[in-house]
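As written, the chain order gives the labels A, B, C, D and E, with residue 1 at the start of each chain.
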Amino acid sequence: MRSRLKLAVPLLALALAATGCTSSDNSDPEPVGSTGGNAAVGSYPRAETLYTTGTQYGPPSNWNPLMNWTYATGTVGLVYETLFLYDPQADKYQPWLAESGEWKDKTTYELKLRSGITWTDGKPFTADDVVYTVQLCKLPSSTYSTLCTWLKSAEAVDKSTVKFTFSKANYQEWANWVYNNPILPAHLWKSRSENETTSGANDKPVGTGPYKYLTHSQDRQVWVKNDGWWGAEQLDVAPKPKYIVDIVNGSNNVALGLVLQGSVDLSNNFLPGVSKLLGKDSGYGLETYYDKPPYMLSANTAWLVTNNTKKPMDDPAFRRALAHAVDTQQIAKVVYGDMVAPADPTGLLPIWDKYVDKNVTRELGFSYDPAKARSILADAGYKNTDGNGMVANKDGSKIKLTLMVPNGWTDWMEAAKMIAQSAKAAGIDITTATPDYNSLVDSRNSGKFDLVINNDQQMSNTPWTYYNYVFRQPIAEQQTAGNFGRYSNAKAWKLVNELDATEVTDLEGMKGITSKLQRIQLTDMPIIPLWYNGLWSQYNNSVWTNWPSASGSNHYLPTTWRGYWQLDSILMLDQLKPAAAKK
Amino acid sequence: MLRLDHVSKSFGLGAFGSRSFLAVDDVSLRVAPGEVVSLIGESGSGKSTIGKMILRLLPVSSGSITFQGEDVSTHTGKALKAYYRRVQGVFQDPFSSYNPIFTVDHALDLVRREYLGDLSGQEWRRRLTSVLETVSINAGEVLGKYPHQLSGGQLQRLLIARALMLDLRFLVADEIISMLDASTRIDVLNLLGDLKTRGLGILFITHDLSLGNYISDRTVILRHGAVVEMGATGLVFGNPCHPYTRALLSAVPQLHARWGAAPEQQAPPVPGGSAPGRQAPGTPGATTTAVPPAGLVATVERSRTAPGRRAALVEIEDDHFVAPTGNG
Amino acid sequence: MTDANLMTVPDAAADPARRKRSEALYFAVRNPKLIVGGTVLVALLLLAIVGPYLTDNPPNDYVGPKASPPSGDYWFGTTTFGQDVFSQFVHGLRTTFVVGVLGGGIAALIGMAVGFTAGYRGGRVDEFLNMVTNIVLVIPTLAVLLVVSAYLKARGVLVEGLFVGFTSWPWAARAIRAQTFSLTARDFVDLARLSGLRTRRIIFREIAPNMSSYLVMTWILLFGGSILIAATLDFIGLGPTNGTSLGLMMNNAVLWSALQLGMWWWFIPPGLGITAVVGGLYIMNVGLDEVFNPRLREL
Amino acid sequence: MRRYFTRKFLIYLLTFFFAVSIDWAIPRFMPGDPVQSMLSRAALHPESATAMYDYYSNSFGLDVPIWRQYLNFWGSLLQGDLGTSVWLYPQPVSSVIANAIPYTLALMLPAILLSWWAGNSFGAFAARRKWLDNTALPFAYILNSMPYMWLGILLAWLLGSVLDIFPLSGGYGYGLQPEWSLEFIGSLLKHWFLPFASLFLVGFGGWAIGMRNLIIYELESDYSHYLTALGAPQRLIRRYAFRNAMLPQVTGLALQIGVIVAGALVTEIVFSYPGLGNLILQAINNEDYFLLQGAFLFIIIGVLIANFVIDMVYVLVDPRTRTGMRGATS
Amino acid sequence: MSVQVKDLKVYYRTLRGDVRALDGASFTIADGEIMGLAGESGCGKSTLGRSLIAIDGRMRYVGGSVSLDGAALPLDDQAAMARHRFTAVSLVPQYAMSAMNPTRKIGKLVTDLLRSRGIAPDTVLGEFRRRLELVGLSTDVLARYPIELSGGMKQRVVMVISTLLDPSLLVADEITSALDVSTQKAVAEAVVEFRDRGFVASTIVITHDLSILVQMADSIMIMYAGKPVERASTDAVVSSSRHPYTRLLLSSLPEVGVRYEEHRLSGIAGRPPSLLNPPPGCRFRDRCPLAFAKCAEEPPFVEVAPGHSAACWKA
């Protein structure tokens, strides 16, 4: 007994030293621009703290808003802000750092900035900051380096006015840019090297946003409210939580446990089986956006990418048959427990429903129908020659396709099994493979695959992003972003570019083009839309209430995902109410 | 027939063999056909190492071993196998000499498989019967049995028989009777004597002086890897000249004489104190001057004499060689 | 010594080989550990062989109601998707045995090759092999397995067994080396050399059979170890990509939140299955040890 | 003695060299391209991707021939530079690991040492005591046969989910900041307990079984018999047997460390404990060469040091090895 | 009449039944007498020695008694027996090389042992050092580990430890067989010395080597197949033995001076009978050149001359 104690003491000390050194290493007790008083917070009062999870899968590693795939949850949105917000459900641009923006002529855009905004280090926000940020497109390592190919110049007319001159006006893309990209403080960033700018850790983030960096450790990122935030005064927007603690989480099941316990208020993880735990009688106080299927908003479309350069997928008829052979209803029901909805044949997200040409889909659309699939195959000359029920190529060679999904992506793994099962029922021999994500990316980008599933195109302000992704030309040796199926159609690509050059206010013009694109898409089937992946989001209402829902006043996107705060998620924080206050 | 010339053996010790320990130090000896030479020494004297080197179970560090005129110390493969056809060994522990999971026949079968594969079954049996007769073994009592079912004497005889199945010319008998019971060991020893009359050369390795004396024609006394005295058995035992030999002889327990009571073994005190002075038994202090424990002496000695060649043996009379005293 | 001699007092009447065997058998059938372990193992093995025929449900098909607890129709309940847990269990059990036999077998082979060579050759060869063993020992096995497993696009049970085997041999090599070392010092090895036998034959025909019981026990331990390592791999999601295994079941159960959803019937059986197989093996091993090793027998 | 240490040290150094070289090589043979994968997660314009690819390949030093990469690796390793994490860009690998390793150590060291000590004590106590041998040891067998993660899952389910006594994830309460307060330390221990317990229990079973057999061997050895012949009480004989049986268990510890480390990593994953285990898993998923390399390096160093220490300890506690080293008597 | 053994029978349990390793032995050893016990392996001599110290789980006490200075030893009660060990009966085992805990320094070992027997070490350690010096060992050995000593040194240390409490009976089991000639002599002389100095009262020296017994024993008992066959003073055994087995045994021993060419010795043909189920009658019958019909009856172990007993019809 004695020796056990002897051992226990130094071990405890070790454990403490461990966590102690973690915090002292990385947390700056006095973040730049902080008004003090937050250095020695022992614990965060539960009633004032919002716990989130579902974005960060590893220890927070940088706070660089330009590294849009890895920055700590909330870096853009909570700290760095964009010129506009875009509300996808209302299809409305809300001026944010900008007061207004308008096209002065076909190639000139003038931006008016709000006044009275300061960075958290006390310096004012000015037109120079916007000019600096836009001009980062000159850096080859910038994520928007292509902007510089059609932006001629950006100049500060005065402190709050910026004039942009374009060589070619891509209205859709620009509208996307202005709400997507955060503005950086030129006075702090100007002196930084390219390396530091585009890939530095930026561990003392100075922004204009409603929250400031407080601390972080291996498994969490903590933000504290920026009391002097401009929005409170100018927009009457007041995010309620004093602290936001985002929890690093590698596994969904742990997230489920946390949100059930109420340790986490908002989980943006895919939580299988959660639909069973909703509702008052379950006693967990769990809510989702819809209280019935599909429960979740739709964030993106998952579609089946066929390798259109390979036999027999190079035959539109075969792809069409395959489209009829996938039972997406069953996937939505069994794999996702009704938390997703089968996709429209066009693949356009529900927010883009107005762009769907119902005439086209009525004529060319598809749904699960194995008999139809079989008849399409038969008509196109694919016959079952060896009597095993599986069709063969027209030249008699066997068809044996492999559907790859990344290992560990369990929902997709299950979905893939179902696709294979239902395709077999229609006579198409598909087996599944689950390689490592990286090797899948490798094969996918270089065109060495039969079938993969992809859902990388997120919701945005314009279906252009969707079509740009699907029809992207030219085909390169490595397809890094979009058109992995290597579908080649110059006409469609021209239409996509025309769409880009259509003003965002010209709804009818856009519809005209998207209708043509839909016709091409549904005739040729370069991709096969499967289901709408959910904007996974489940909330526990024990501490915070008035969560976003289809019925209530709070209709904002309930997510912490990167790129979504500027899609109005930030306004969700304004709508939250402390649970105690309600009662 | 067999001769060792300046044979030494060192074992590597320490980091990657950086230090070495000299187990056999410049030993030269020869064995003629029909002669039994006994190699006598205490534990750690290197006697078994010499046997193993002759049998090529250990490589020679330096020097040469010649058998019937050919240097065998570098033989490998076929040549080695041919060597084993003529030279064989029998070891101390009969129970460990047989693979316990097989019947004793296995030892014979191996020989047949490797050397006598062309013999027909009948020829083999005929030869086996005659050899077993030579070693006085009743085939029915022994064959098909497991080693633990047989007595040590039977096992050792069978091993000798195994060697005799080949064209045996030379036998290394390494302590072959020290684990046998008194009632049977003498018969095995007699068997060696019989073999010698058939022209076999035998190297009889033992720590027991009376056994060496009983069977051998010539005797080699070994200490710490080096020869201290050698020559015709009668001369070495009758006129021991090296103090170590005398000390050994004086310590041999005799059946008909108590220690110290045998006047012919009186020897002058040995310089260096490495042998005990003779005192009446039972008197106080007799044991306090006993021989220093072998292990400790060995450590000291070895470190002192490791490098360099030893001084040559001196022939003090015909066929009687003695190492000069003073250096160990 | 005397004792040993007494025990082997010759007895012309009895056939000692049979006696020795019958002695082992005598203790074997009276050794509760051996019996319990063996029974559990044989029962599970039978289940693994026969089980798949007891159910019509393919392990990965969606056959039943979703997430239903054990019932008459679905003995072990169903998964979130309505897969039959019992069917998965018996198929997984099969995989477990295959991986164990294979991984344990390969590890035993490598361990034997290295151990025999090092123990018999000694000297530099021994030093060198010792270092190789050490390297494999310090490289965190599981971590390497994680990486190596990621190499292949599709991993099967066989490949998994192979990988497990290739990394879990060091301790066996060490143990076998020590045994070989002591056996090599026996005179019969020298006599075999004097009979002109080649090294390989001496090792495999003379030395190895002498430690057969030891080798069997080593193999059993490696068998169990392989199962555990494979289960760990499966659990992390690096197991066979197609098919079923107990580790994969646990992995799925955890990933699909069986813990939080209270679906205990999903994650208890696979773990219990592994524990029973490995436990059966280990207990049997101790039993065998007592049978072969008189010193361990209860007095 | 000194010679022995030098020799051991040299061997360890050589082992280190090979192990680290393998460590370097393994991730590089994985399929896929870390920069590609990294960029596939970024939201960017396809044309920007090519430029960024070149930029990052260069900054990771992946655009030079493989042998150069190897030399560069040793070069920077000797300067203490483990490179930059791909996944957690732009954090240096060393700091990523430094943040995780205290958790892993705090979990593993007590689990290994306590289970070793307690298991051995219990095994020694149970040996040759019929009722204990027949009642308690079977449990040890069962514990030892459990996959680490399953025991973890069971504990998590029973004590975490069902009874709600212990938290299921994290290093300490999510609402706390590190400080020297009772609340914080309590939270730290609470989060630590379950992963510790699952590691401890499995290890405990294994050591207990091993010890039991060793003790029986020792009790049958000559010195035990001699003590019996001189009428020494069982207490003394058992004490000696225990001491001597501990020696092989020390070696056993060295042999087992690799396996235990693996077990600890999996346990961390089950409990989302913020240590090396989770890092390694994610590093693999994100093809983070440098992090993977670095994490393995730490494990290799750790295991080597542990082995080295055990070797040394063994020499100190077992006089037999010491005399052997002097190479004295024949 | 210091040690009196009466019809002692101890069997070994085996799966096939009891091995009658010691099948009735009666003898007495006087105070200060060194009795040699000799015979082939398996004759029961070690079993006899062992039984006097401890009968372990593999052995079975069948019958007979042993009394020491008139008091009976509780042979069948190991717990009671433990009290007599070391103080009254003591053993120098044949495994002396490994008899000491290899991880304990010798001084510590002895201290531990004494403490465990309730003896204050200080009262004895001085004597211990003196006796070590007496057998030619430096007291340095107290600070050494057993492994650091040579075989002969270990043998002597064990002897000193075993006799430290001046036992009435010392059993020395094969103490010289693993030693070199010169060391052998020192150890043998030490046994005599210990007796002379009164460290032990009676001694039983067990060995297979008759010639070493001749050097140290006062009397010799020869055993064969679990039973004593002859017991007499050393000289009587060597020069005028009555039992054919003894005579054959003696005649098979070569001595320095006896040579094969000149005088061919011969051994005893055949092997001892199995003790699992020994045949009735004289057990040496099968190998005995003098055997006759009466030998089918077991010969009694009786005095055939003063102080000379034998078990043979022809003695």
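Just so we're on the same page, contacts are C-beta pairs under 8 Å (C-beta built on N, C-alpha and C of every residue); 3 or more make two chains touch, one makes a residue touch a chain.
The structure displayed is predicted, hence computed values, not measured ones.
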item	value
Minimum number of chain-to-chain touching steps separating chain A from chain E	2
Maximum centroid distance from chain B, chain identifier (CA atoms)	A
Farthest-lying chain, centroid of Cα atoms versus that of chain E	A
Most heavily contacting chain pair (counted by C-beta pairs in contact)	A-D
Length of the line joining the C-alpha centres of chain D and chain E, rounded to whole Å	55
Where chain A and chain D are represented by their mean Cα positions, the distance between them in whole Å	38
Centre distance in Å when chain C and chain E are each reduced to the mean of their C-alpha atoms	49
Whole-Å gap separating chain B and chain E, where each centre is the average of the chain's CA atoms	30
Sites on chain E at which at least two other chains make contact	41, 150, 271
Contacts with two or more other chains, residues of chain C listed in rising order	10-11, 150, 153, 254, 259-260
Residues within chain B bordering two or more other chains	16, 43, 151, 295
Residues on chain D engaged by chain C in the complex (per definition of touch)	11, 14-15, 18-19, 22-23, 26-27, 29-31, 130, 133, 138, 141-142, 144-151, 153-154, 156-157, 160-161, 209, 213, 216-217, 220, 255, 258-259, 261-263, 265-266, 269-270, 280-281, 284, 292, 295-296, 299-300, 303-304, 307
List of chain C residues in touch with chain D within their complex	131, 134-135, 137-144, 146-148, 150-151, 153, 170-171, 174, 224-225, 228-229, 231-232, 235-236, 247, 250, 253-254, 259-260, 262, 264, 267-268, 270-271, 274-279, 281-283, 286, 289, 295-296, 298
For the chain D and chain E complex, residues of the former touching the latter	221-223, 225-233, 235-236, 240, 243-244, 247, 317-320, 323, 329
In the complex with chain A, residue positions of chain C that touch it	60-62, 66-67, 80-82, 150, 152-154, 237-238, 241-242, 252, 254-261
Chain E residues within the chain B interface of the complex	40-41, 133-136, 149-153, 180-186, 188-190, 192-193, 196-197, 208-212, 214-215, 238, 248-250, 252-261, 264-268, 271
